[in-house]
Amino acid sequence: MAEYSAMIDDHTIRGTSTPEKDKMLEVKGLKTYFFTSKGVIPAVDDISFTVSRGRILGVVGESGCGKSMTALSIMGLVPPPTGKIVAGDIILDGKNIASLTEKEMCQIRGNEISMVFQEPMTSLNPVYTVGKQVMEAAILHQHLSKAQAKEKTLEMFKLVGIPEPKKRLDSYPHQLSGGLRQRVMIAMALICRPKLLIADEPTTALDVTVQAQILQLMKKLQTELDSAIVLITHDMGVVAEVCDDVTIMYAGKIVEQANVFEIFDNCLHPYTAGLLKAMPAFKENGERLYNIPGMLPNLLQLPKGCRFYPRCECASAICAEQEPDLVEVGQGHFVRCLKYRG
Amino acid sequence: MGEILIQSKNLKKYFVDTGGWLSKRKNTVKAVDNVDLEIYQHETLALVGESGCGKSTLARLLINLLEPTDGEVCYKGENIFSLSAEATKQFKKQVQFIFQDPYACLNPRMKVSDIIGEPLTTHKLANGTSKENRVEELMNLVGLRKEFMNRYPHQFSGGQRQRIGIARALALNPELLICDEPVSALDVSIQSQILNLLKDLQGQFGLTYFFISHNLSVVRYMADRVCVMFLGKVVELGNCKEIFEQPLHPYTAFLMNAAPIPNPRLRNRERLLLEGEVPSPINPPPGCSFHARCPYVQEICRVEEPKLTDRGGRKCACHFSLT
Amino acid sequence: MIGFIVKRIISSIPILLGVTLLIFILLHIVPGDPVTLMMNEHVDPDTIVRVRAQMHLDEPIFVQYLNFIWDALHGDFGVSYKLNRSVATLLLDAFPNTLLLAISAMIFSWVVGVPAGILSVVKKYSVIDYFFMGSALMGVSMPVFWSGLLLQYIFAFKLGWLPVSGFNNPLCLIMPAVVLGWGAAGTIARLTRSSLLEVMGNDYIRTARAKGLQTIAVLFNHALKNSFLPVVTVMAIQVASMLSGSVITETVFSIPGIGRIAVNAIQTRDLPLLQGSILFTTILVILGNLAADLLYFLLDPRIKNK
Amino acid sequence: MESQQQAIEQSQYLEESFFAELIQSFKQNKSALVGSIVLVLFISAAVLAPFIAPYDPYNVDMSQQFQRPSAQYLLGTDMFGRDILSRIIYGSRISLVIGLIPTLISMVIGTILGLVAGYYGKKTDYIIMRLADIVMAFPSLLLAMVVMYTLGASLLNIFIAISMVNWAGTARVVRSQTLVLKEKEFVEAAKIMGVKNWVILLRHLFPNCIPSLLVLFTLGIPDAIMSEATLSFLGVGVQPPMASWGLMVSTGKEFLFMAPWVAIVPGVAILIVALAFNFLGDGLRDALDPYLKQ
């Protein structure tokens, strides 16, 4: 059977400093709020991060932490009328796309940035063939003829490993399994060779063996296509498998940011530590799991001070009063906690 | 190991879809196909497998929620499908269920006190003050504040709802709890709270768990023994640690191998990945159900169905063995 | 495909039988003897007995029912008591008028209802949306007989643009079609709107937007086909309500159609005629439902490939 | 630490109760609010008719025939010189009763049959649903007319006619909801506990159908009012001299070009009340949306 080799592959650990030209996406001070009848929900509150060419950034957090909304904000798909980007820059390959009009954004979406969603079962239109749905993006953005687009779709289907690609062009979504649908989604996302791919929990709805295939595929495509990938997930296992950099979110804010080895070896924020310690994978049968007490705060009634303090074991009196900033504690390692304010 | 608490014998559940009259189609889904399984007192037996392998059907057969096509389930030696009305009532007190979806498993129109108290009123064990006291006791047990008694389910978070579900299951002092993916809908930080609670309750009341999950690290943490299912059949059964460290059936090995490991330094480990998809359980091929995807397939696998046989304290349904 | 159609047609048979049985029972528990009603008061009792036998009214009700079904299968719906003509001929003469009215009303309701529904979605929460939805609700809340009178008063009497009633030139068709189609248009507009809005909330719509399609393209290329499924069903069912709603429209505008025959038959207690006209309308309704099923089948690949 | 945690737990998920939320959402929905106000006026008019009607609705006075609306007769008089306003106020009683009672009867029948059909399935379901199909296949107006023809025109028979036609729609909706609900895990949980079937129907399934029943009920009332008006218009409903709105339009239509108000005004009453119920029903549907979709 396969032995898990504990070897560290040298080229997987790349430098953390990013040359300016390699920056594919830079998000600066992004704020996306929802204005509801019950109050303002700061779903994404002052988020900044950078993704470079050829790297995978993992955005990690629990439900309601704002990770999906961050993705939709980058895509310009925040659901109106309640949701709104209230501040921040989104710089894609040197161009600020946060200030674009809806019409201009339509030329970016699916072309320079594309997205893969969590539910492959519901993310494809049930009344059209998958071939037609994949072709649509190529016809729209690259102005190909139908025949050319079909050719290209076939090529993409082969690339993402869909068996019998020719036959599959004419299949309807309900005729495909979850794994195949997710491959179709990936083919659709990549057909215009985007600069940035956002994958929102792409494997959560899939079985373990299929999840492994899809993750493997994403890693393979990342090296082949040389684009940047933002991978949104709640699963630290998935992060460990594919991500280069990690951003941990809690209640709309980034609490920690570093490369993947720093996060696993040397995490500093109590929430990150709690997330890792709570994973049963690190425990032997019989040992008690670590609990993060309490539960996620209601974004309508956020505590004053640090958003994590009510659940934090290291909290002191000042945490209830003062909201910490995100500070750089090591090279490329940022933490939002008063313990590390220098 | 204790006494056998519940045991399935040649248990089968086939779903037949004839497509109505005037249709030549006849699909048989062998959701549970000839399953022999025993659960011992005070142990945690985990059931793993991918979607559509029959995990939920098996759980629902064990609790008499579905009628089997064939075979029996014996609880303390008696077949639960041929019990008298009175004995069925007793059985329903001793076996309880914890559901996957904390949102769907609680009636949104009932107060928490009524939800947790329903088993008590159904079996006429308590009412009025005695019911209220017992509900308070149960809420305390699962870590819910008794002030929440008069609230409705939508006023709780997912984790709290799962606690309500557990309190309801404990109301009748059951011996066996069937947990159908109890933590898969929960966030990581809440998941560990519920797993700890389940462990505590087992220690406190000597409960027996039949624990269904697709999350292998949860299974490894919770289980004493593990049962691996593939397309309605048990392919491997045995001690949890042994199965994780030294799987015998190729499918088990692939399953273990596919699970992500939360250690970035192991990411480039050599790993074998299964090709293709989880096959459909409709009209499965003859022979070993895994043969279409198995890299070690031999002629015999396509023809003859392997039996679940004893391999040094473990059971495995493969003509060969990985060791 | 053919199997599906055959199956649907066969499954309509029990419904048809049930409907005929229900009509038959309802109509034959009427107190009072139809023959006495039909005849003059001064007819001698012998004639009554003879006529009863001739019309098989002396046989048990179940036998009468079987006779009725048997005759109906041969296209014989009996003879009208009052008009003394074959019911089948009367109905066939009247049917084209009803059909013409229903088709014009249907076309009116589709041409108005569908675009109104789509526009309300495109301009959601705007003045246009409120205007269309307000008019749609008015259409649903307005009794047909009253809106007919209102239009007659305004367009025929006050403005003199259109003939008050009758059925002898195409202008005569305008008011009845609008009156009959308005309610249906309202329902269609409301349903199109709500169905579109619901579809627009689906995951695959987000996928289409993520592909870079503009809102209008998403609406027309991705949402419309899906949202049409419930609308089509309702449209076919509306054929039914229009055929029965035409009873009133035909009465108000004096159109010689099936509906008016039915009303006359009720008022004159003409049993065979009433029986025939209801059966005829019901068959049309069942055919409408059948058409809805088939359309659904054609539009939704999930059913087709199952 | 403990108190902090309690503080969040208490502040969180503290949503208002079902009715409080309903009222909250109504306050924001102006058309539903207007609808409710109109309905309150309508109901008070029906209840207080003898006290607020300016004239006796049945008092024939040929000298006052066809009076235009004026300060003396706010909505004019009809061909018998009866005050139209007073007749409309009295007519609201018929519309109210017709709106409520047959709708309620058909809702009860439809709910019971729908629950039973959906929960027990198989043959029971088949028979009930084919019955519903038969009723639905009927042009409902014609069925009602046949019933009226057979049983004769009276208020009671209108109840029967309308109830007979309308139960099928309710049964279908309740059945499809039951089909979804009975697959829910809370129903499974009840079965596991050994709860009896009728208790499951009553305690678990029925309460979850209430929001949609509420909407159906509100939208069924204007339908019933309209059916009565139509039957009366055709002369097979309420009989003269009773003041039914439909009948008033019907008798007034002969004089449409001479005295249009006689036929038009009662129709406006029907329109306003139907519109108000539809506004209310739509408002309820929006407000209950999360409960309808669960």
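Quick notes on this one:
When the chains are written out, they are named A, B, C and D in that same order, and each has its own residue count from 1.
As a working rule, a residue touches a chain if its C-beta (ideal position, glycine included) is under 8 Å from a C-beta of that chain, and two chains touch if they have at least 3 such contacts.
Note that the coordinates shown come from a computational prediction; the quantities given were computed from them, not determined experimentally.
Two chain pairs, A-C and A-B, are compared here, and A-B has more C-beta pairs in contact (counted per touch definition above).
A centroid comparison over C-alpha atoms places C as the chain most distant from chain B. Chain centres here are Cα averages; for chain A and chain D they lie 51 Å apart. Centre-to-centre separation between chain A and chain B, using Cα means, comes to 32 Å.
Residue numbers of chain B whose C-beta contacts span two or more other chains: 157.
Residue positions of chain C in touch with at least two other chains are not found. Residue positions of chain D touching 2 or more other chains: 9, 12-13. Contact residues on chain A toward chain C in their complex (touch as defined above): 75, 77, 81, 102-103, 106-111, 114-115, 117, 119, 122-128, 133, 136-137, 140-141, 172, 174-175, 185, 188. On chain B, the positions that touch chain D within their shared complex are 60, 63, 65, 88-89, 92-93, 95-97, 99-101, 104-110, 118-119, 122-123, 145, 152, 154-157, 165, 168, 172. Residues of chain D touching chain C in their complex: 130-131, 133-134, 137-142, 145-147, 149-150, 222, 226, 229-230, 233-236, 246, 249-250, 253, 256-257, 260, 263-264, 267, 270-271, 274-275, 278-279, 282. Of all residues in chain A, only 1-9, 12, 62-63, 163, 177, 179-180, 207-213, 215-216, 234-243, 260-261, 264, 274-276, 278-285, 288-293, 295-296 touch chain B in the complex they form.
Within the complex formed with chain B, the chain D residues making contact are 6, 9, 12-15, 17-18, 184-186, 188-195, 199, 203-204, 207-208, 210, 291, 294.
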